[in-house]
Amino acid sequence: MNKHVDVPFRVRYAETDQMGVAYYANYLVWFEAARADFCRARNYPYSQLEEKDDTFLPVVEAHCRYLDSLRYDQEFIVRTSLKEFRRRSCLFEYQVVENEKNNLCAEGWTKHLFINREGKIRSFPKSAEKFFID
Amino acid sequence: MNKHVDVPFRVRYAETDQMGVAYYANYLVWFEAARADFCRARNYPYSQLEEKDDTFLPVVEAHCRYLDSLRYDQEFIVRTSLKEFRRRSCLFEYQVVENEKNNLCAEGWTKHLFINREGKIRSFPKSAEKFFID
Amino acid sequence: MNKHVDVPFRVRYAETDQMGVAYYANYLVWFEAARADFCRARNYPYSQLEEKDDTFLPVVEAHCRYLDSLRYDQEFIVRTSLKEFRRRSCLFEYQVVENEKNNLCAEGWTKHLFINREGKIRSFPKSAEKFFID
Amino acid sequence: MNKHVDVPFRVRYAETDQMGVAYYANYLVWFEAARADFCRARNYPYSQLEEKDDTFLPVVEAHCRYLDSLRYDQEFIVRTSLKEFRRRSCLFEYQVVENEKNNLCAEGWTKHLFINREGKIRSFPKSAEKFFID
């Protein structure tokens, strides 16, 4: 089982700002898309957690350090790993690496709770655990 | 009852792109926020339609003509009017007017169906009609 | 030379709204990313037009008809073609097709002017024309 | 001079996601709009820093803790203060407070460098300092 998952992206025009670089909030959008692909790579799509297991993973804390800017049309990957996986919470880590020079452009993390549709904290579904434990 | 409603906005940094102007998809976001305020000005917040009346207004067609660009931090209004109001659909019209020179920057429209939570077409709730008919 | 170009996408969580479907303004973002890939497929990346040819393609008109909704994590393609290619303007057409059932979810078009960095209308760069004429 | 500045917002439909709450990346967009209004309240609009003083404030680090969710159409304020103001960097702090129950929904901070148009680190313009020092 792969410890991390690399998800490829390209900066959209919509994601640039007038400074000519990718706007800072978009990194959190990429983190989200990357952790969705992380779950898929573990053979347990996030959508399945919501629909079949009544388990939602809202973000309770997010952090990002911006080291170098990304420009329009640049290709990069978001390297995602599941750093902590507890009964009621988990923590994903991300590295944003620009492809051409293999340059680390940003790194961050997000902390998530497990809740049900009603918003109550719950433990991670037993049947899905084995997909996320290394 | 006012025929149109003017809603004030200011271009956010997030809404600019590397051309140094507001990115074109954001106008549709402003249209949405403006028609929400249109409903509120008619004393019937859109949220009430969804929550109390099980009536949703998905967009089935959208159009925008861009006449002049908007820049970061510029103030503008979206002038919104309800051009058609039928049993099962309605059409909103918008004018985006920059404040300083009273310059028309864009105009557009959105067509909406009335559906319920299950996605079935429905007629507009009787009790709410009077708020939207002039 | 291919008449149209198919660009694959997947609906991000960020792109959904509380109706549980992709928010309508995002289609214009996908159109933009798709026409960038259209240009790339023609061996002339859009970024090159801006950087090497001082040619920008702002949108002067946009239209979208929404036929069926897209949900979180759904895969779809945007089929893009260059319908008109004139001296000072062009028109792209798009079809949004959901992968699983090959369902047409939306169709739209965008009209663009050719301008230089100073915002003046210009003709399309001669050296790049052959990449876009069929 | 006010130590903090309160900027009013309302959750747009575009900003909700299928969990029925405001998507987490939008808080960073609100932080940006709020610090722009912070600068304006200090009589020195951020746009002036860029245009007149060749001073840009890219974000080098961002953090957000999400305590309670915000729903569509909810009104809230972002309370912004300038916590650190150094020669070459500064740090803004934010509190997101929902209006109805005066409920703290999120808190965060952003760290910024001062750079010029070419991307070189520079010190804050002398003439503008007095607007930001308490």
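Each chain carries a letter (A, B, C and D) given by its place in the written order, and its residues are counted from 1.
Quick note on the criterion: a residue touches a chain if its C-beta (ideal position, glycine included) is under 8 Å from a C-beta of that chain, and two chains touch if they have at least 3 such contacts.
Since this is a predicted model, take the numbers as computed values, not measurements.
Listed by label, the chains that touch chain B and also chain C are A, D. Taking B-D and A-D together, the chain pair joined by more C-beta contacts is A-D. Each chain's centre was taken as the mean of its CA atoms, and the one lying most distant from chain C is D. A straight line joining the Cα centres of chain B and chain D is 27 Å long. Chain C and chain D have Cα centroids separated by 33 Å. If each chain is reduced to the centroid of its CA atoms, chain A and chain D end up 24 Å from each other. Those residues of chain C in touch with two or more other chains are numbered 13-14, 21, 25, 29, 32, 72. Across the complex, chain A meets chain C through its residues 10, 12-14, 29, 32-33, 36, 45-47, 72-73.
Within the complex, the chain A residues that touch chain D are 19, 21, 24-26, 28-29, 32, 56, 58-67, 69, 110, 119.
Those residues of chain B lying in contact with chain A across their complex are 13-14, 16-18, 20-21, 23, 25, 72.
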